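In what comes next, chain A is part of two complexes: it sits with chain B in the first one and with chain C in the second one.
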Partner chain A sequence: MIENGLRARIDARYLAKAGAQAECGAGRLPVDYDRLLAHTPFDPKAEQATAAIAYGNVFERRCADDAHSYARVLVALEEAGLIVGDVAVEDLGLLDDHTIEDLAEETHRLLGGMLHGDIPTVLIAQAVLRFEFAGTTVYLKPDALTIVPITVDSYGEVVAEGTPGGRVELVPVEIKGFRVRPARYPDRKMAGALEQVGTYQLALRREAVALGFLADVVSDRAVIINALKLGMAPVASVHDNRAVRLTLERRITATEARLQAAHLDDPNGAFAAAVALDPKKATAKDRLAVMAALVDTYGHQYSPECLAHCGAAKWCREQAADEPGRLGNLRSVQFAGSIQRARRFAWGVEAAPSPEFEPLVAELGDARRLVQAACAQAGLVPLAPPPSGANGKAALTTKSPAVGRGSASKRPVPNRRGRAAVARNG
Partner chain B sequence: MVETTLFDLEGSPASLAKLSDILSAMPDNDLARLHIAVSEERHRREVLAAAAGSDHDQVVGALELLGVPTATTILVLVARIRSGRPIDPRTVTSMRRDDQQAWGREVGLGRAHPRCLVPALHHTTLAPVRGQLAMSTWPLERRLVTPRSPRADLASAALALLEEAGRVRGVDAAASDGLLEVAVRLIAPLSKTRAEGNLPASLTAAATFQHQRWGGVAGRERQQAEAAALAGGLTEHELVWGRPGPGRPRRKTNGPATRSGEGQ
Partner chain C sequence: MSIVDEYLAAEAAGQFRAIRRRALRHIHDGGDIRLFVPFHHAGNDFSVVGLAFGRPRRRPDILICPPDPLDRIAVVATLTPFVDALLGWVDTHPVTQLTSAAGRPYFAAAASPQLFVPSEGSKTAIDNWSYFLRHVPDDWSNAARLQRAGWELSALVEAAEWPGQSTLVALTRMLAEHWALGLSTTETESLAAAVALVKATPAGLGWKQLRAAEEVTTGPLGDPGTFDDIAYRNARRRARTAHPDVIATVEAAWRVATEAWELVAALPEAPSAHPAHSEAVADWAGRVGPGRTRGRWARRAVPPLGRSAQRLGRLEEAQESLLSRQAESDVLVAAELAGEGDAVLADHVHIDVTSHNRKYTVDITVAASQLRVPEMGTHLLVAGPAKRVVGVVTDVVGSPGAWELVLTIRANLGQCTGINTAKTLFPSDVVWLVPPPPRYRPPLQMPSGSPATHPGSIVQWTPVGTDPNAPDGTDVLDDGGLAQGAGNA
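Moving on, here comes the complex of A and B:
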């Protein structure tokens, strides 16, 4: 029996990132890598800043106001062009003594009433949506769901806001505490929020079908409400989220299939061992052994983007110390096949193995000379040549110059994108 | 305003001399009105301090003033401004719990229902609404939270505060300003633009507009919800404290769970 020791909570964030790395088998598993690799040199330290949490809570409370009328949200929606036409709001967050199943049922009932036009509600705050995923029921909690009258053209595109009594569509609304300031558009945070809304759209489409409506009654538009500038005034932005929703749909379907396969066929018991690991008793050695077993069994793939959303990214980065992808999209290094090989080409330690490598070797040599000249001009320490002997491969495994100055197990790689961990949960 | 000038004065001899000048220059009618206002406010505060000195009474007084289901934070703010005594918002939760126990005891002994702080109730499920309080003496209709009632209640509470702020203006400018600030906080979400200079007149106009626009609709919603709730049958306990959520067992209370129409 697998207990929920280090099993990841399947929520909107998990679903939004599920299968983000198509070839990463380990990343797709519902393992809480943040906790698995805690107290190891690869601790992701993924906690969100306390101040950010407090700010987000205050902003959400301000959006709801003291009586939970959500008047500010409705004004922001109107200013963004979504005229809902009424002020009737149901805040399910106010219902005391209700379990999450009750709230999901209440959301289902309210959505039915809204779509049939039986109730005047135009906004459900703190709604709860059911989502069946890999044999389990996941409960997603969008900040708000609103219903908007629309007018569509002959191609089915929304061309204008409609009039009450006509065609309507459901639009998910997400309240995010991060600010939108002139010339400082938070693109990465916004992209993360839109992926989260994409999961709500998927769940909402299933709800609509269960209620006897077409899935298209759920809009592909997503509304994100942010704080404007340095204040707390909410401002809504409307985004076309169709591409994100379609991508998520494929990703989630693929992840679901592979996840079920992993549950059914867990060679070496690596997955079972990971989720059964007791986080209170496990030593750093145990944790790293479990991580290695997972990767051996299911495989992994690292890219710099992983740092923004995966708790195992630092571990994978260490493993991929010599992978060209670690340095980003550098064509010449990628063509060389590894960082160390590119370095050897640059210093002339290794000759071009075939004529097609000669331009690359020349290019890397030129780059090295330019950097050396720049360092000398600036009075910086000159570049060190790569270690010789066994083509430098032995040196790579013990003390990689690309990874860090000290031993990899004692000194983790400095995180150039240290704030990524915060952004992941922001 | 003469009243404002009076309260701007400090206790220095020069200020007292100035006060004397102002009072001697005032017409007899104004002087008499000022005297009556000060006497009334002093009397009100004496009565409040003597008979309703506890935090519980202050919170109840604030709730009765506002007259609509209100968030705990607002109640605590208003009570603090009126009494000048800080109240910990966390204690309001325990006040409600104590009231619930007292209600159970009294009803169990067959006595009259005590006046309690009770939760506002959701209009369809009749579940207690988190963080919104009402008075047990209010009719059910007034204690319900419906889809449009929050907007109407904000305006209604703001109007009550503005009226109270105007009433105490002449005798306690600090309390009046405090109440005005709370009124601004309540009315701010409803108006797209800030009321001009947050003047009482413009705030009153904004609150009155919102109250007239949504008060009637919310009232009808509440009446319909009350009729539906009563038609469904409610125990005496549910009528006051609400129904527990469908997924959870009801909390243990000392009160009997008799049907309101039982035995009739």
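Moving on, here comes the complex of A and C:
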């Protein structure tokens, strides 16, 4: 297997976003698109903010405190209703001389002891979880894993915490430096953190099964610890993360299957070429050719959400210049199958290809007529009709100089939705 | 999104330039607006990497880039010119205490400050800074003025919930309201990209230009991460001034914000813009009045349920009314409503005016050929060039694609602007029928000042403590939507 090059590091962040675009074949591959498209016109420029990392580290150290007792975290957990009982904390972060494999083994041993009740440990800090993914062993590092005694009712709902001698469950805890304060809830950041915890829950469930327990011993609750208001005081919030965990499970399974297929059958060698590309020597032309080959082989699917997490998003956006998904979820444009086609329908340049399109053509025509009338009445410049003919394709795609230069871009880029739409529309 | 909006988005994306979706400006220009461009570290909402403040012109009145954005004491010391400028400006908008007919005191103002910021993210940044300033410890120098600046900014942020307000406006949203940009919602948040599309020639923009524009507001570095990194490393080196690239970035963002404002300011103002803004002014006056007159600044992070429900109802009502008022004067708004069946574009109009005991009845028969028509019984308002009549749809006859509406309008002729006994309608007239403001009432009526908990309601809200950071201890903590325990520390 080719290592290094532009192979993406598979970690909790990668897994959390794996398969987020269900139809994007290239997006699932463990290719570091940030580095692949660096120094090209589509450079995502996705440097991580140093200040944010530094601040996060300071907050984590503050949570651990000098004695690594995690006393503040335990207090925050208790205030959030998670009564962990007698306190014994294992901080694996102190084992500097251990390899990651050793730490994963130690975590496994501690989890077994905690679940069997053989050891008094209630919280493992800086744990390392093993996660087999597409033939690769991935090591995930949750900030903390805690065990909570609980009582459940006949429906499996937790009705009481802190009952000794009863059932226990493992709860992952993630420490995040972003703030919570009254009247401003960091919803997007919290959603991102919960996706990350979802991957820990999946890994933890596998560990539990390996230890001879049911996977349900891992709680679907997730704990996020944030800094409260202006200070550094940790505050815990408990979230029901079941839906996130289930979604991730399906996405990761699908991605895993796709990746294993890619390893076994990389028809054009596109994936191997991508991960083998030397980022120090590769020219912009090489990089774009590799990108185009990946998309040729595995397909892609662009949506505006890609801009937030995928390094190839800007490249894909320009390839998808005429695709309806580029604008988000616009019902009529989606149904028309392309932006230019929606325009042609509106102007009557293209007739409805089948009866199912007639209402759409009528609606768009009506909208165009209303706008034209309004523009005329308001004295605005009238709108110009689109180029006629079936080949009146997006002027946009031809306006991308960088794509136009790339050798691969002259080939039509397959797009599953586009192909399907053409087939459906005849 | 309405069908007209979707069509315009397709046109804009297809032509790669902005297309007008409003004929008039629906943002009131009170003549004394300010722009505010804030930058903070990605990891710390309360840091101040840079800010620019002032009138919309080539250079900001105030430009502050603290050398160490995370050193709060040093940061607030550098903020003095900004705080002075801000308070000097807001104080030119006085608030008066009045007494209602029921004997209750309330506050009113002729105008409110109007602050324009680059994007929705900037509004969040200002909200966070206002929180930080409100809670500056009393023993810090200039604490009272810093705290007051925080309260004033908070009041502007909260008054900005009103539909049609011009109190605190994100320029990205303002451009997207007046132009279809042909971008997704995520991309629309780039102010420079929106400005480039509005300024594009009929030939349209290219991808290269769009990409370049998207990088403008992150300055010469073109990368938010690198920008953050440079500011951070500069501070760690204990530099005495901000890094030149940081200053250049803030200046570049300021220029784009000024351009954006100029683009919108050039449009003629809609008659509905000022009345819509007035409601936000009243809301703003109610927030700053007690603080300014009694020196007692206080707010609830989450108000009691009853008050929230009432406010939500009023906001809904204001939104519905706003659309109708906008449609009266802006034919593109009327077109949008017509596309959804909430208004009608008339193809042919026939008018009969008859007299009964010195009262006139105006009967209008309208033929329309659009697909969607308003439901029978809908209150409609006939609006065209210099014509305005209120009426009710009493009958709808026809089939899809060939509708005919028959409207009976009963009104004094004096109210039927532009329609006289000679029944003059010119062949070139386009008559829009748009709904009048609804008589809306909030669904949940509760007495004002009701207790925090509402017996029997599904939602129960309980205050969990007192904020030790609040200057007067009156800020009520809440969990802000968090699950258990967030507010208990």
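One rule holds in what follows: the second predicted complex is superposed on the first by the 329 of 426 C-alpha atoms of A that agree within 3 Å, B and C clash if a C-alpha of one lies under 4 Å from a C-alpha of the other, contacts with A are read in each partner's own complex, and residues count from 1 in each chain.
FYI, a contact is a pair of C-beta atoms (placed from the backbone, for glycine too) under 8 Å apart; a residue touches a chain by one contact, two chains touch by 3 or more.
Not measured: the values here are computed from a predicted model.
Asker: For A:69, select first, second, both or neither according to whether it touches chain B, chain C, the two together, or no partner.
Answerer: After superposing on A, A:69 lies in contact with chain B but is clear of chain C.
Asker: By residue count, is chain A touched more by chain B or by chain C?
Answerer: Touching more residues of chain A than the other partner does is C.
Asker: After the superposition on A, what does A:182 contact: first (chain B), second (chain C), both or neither?
Answerer: second
Asker: Determine, under the contact definition given at the top, whether A:120 touches first (chain B), second (chain C), both, or neither.
Answerer: Once the two structures are laid over each other on A, A:120 reaches chain B alone.
Asker: Which partner does A:97 contact after superposing on A: first (chain B), second (chain C), both, neither?
Answerer: Only chain B is touched by A:97; chain C is not.
Asker: Contacts for A:87 in the overlay, against chain B (first) and chain C (second): which applies, first, second, both or neither?
Answerer: first
Asker: Quick one: classify A:106 as touching chain B (first), chain C (second), both or neither.
Answerer: First partner only.
Asker: Residue overlap on chain A between the chain B contact set and the chain C contact set?
Answerer: In chain A, nothing is touched by chain B and also by chain C.
Asker: Going by the contact rule at the top, pick out the chain A residues touching chain C in the complex.
Answerer: Listed in rising order, the residues of chain A that touch chain C are 41-42, 45-56, 76, 79-81, 177-185, 187, 226, 228-230, 233-240, 304-305, 307-308, 314, 318, 321, 326-328, 330-333, 336, 339-340, 342-343, 346, 362-364, 366-371, 373-378, 380, 383-384, 386, 394-396, 399-403.
Asker: Please name which positions on chain C make contact with chain A in the complex.
Answerer: For this pair, the touching residues of chain C are 1, 3-4, 6-11, 13-16, 19-20, 23, 41-47, 69-70, 124, 127-128, 131-132, 135, 182-187, 202, 204, 206-208, 211, 215, 222-226, 228-229, 231-233, 301-302, 330-332, 334-335, 338-339, 345, 370-372, 385, 401, 430, 467, 469, 475-489.
Asker: Could you pull out which chain A residues touch chain B in their complex?
Answerer: Checking each residue of chain A against chain B gives 65-69, 71-72, 75, 86-90, 93-99, 101-102, 106, 119-121.
Asker: Quick one: which bits of chain B touch chain A in the complex? Just the residue numbers, please.
Answerer: That would be residues 70-71, 73-74, 119, 122, 125, 127-132, 145, 147-148, 150-151, 153-154, 157, 185-186, 189-190, 192, 214, 242, 244-248 of chain B.
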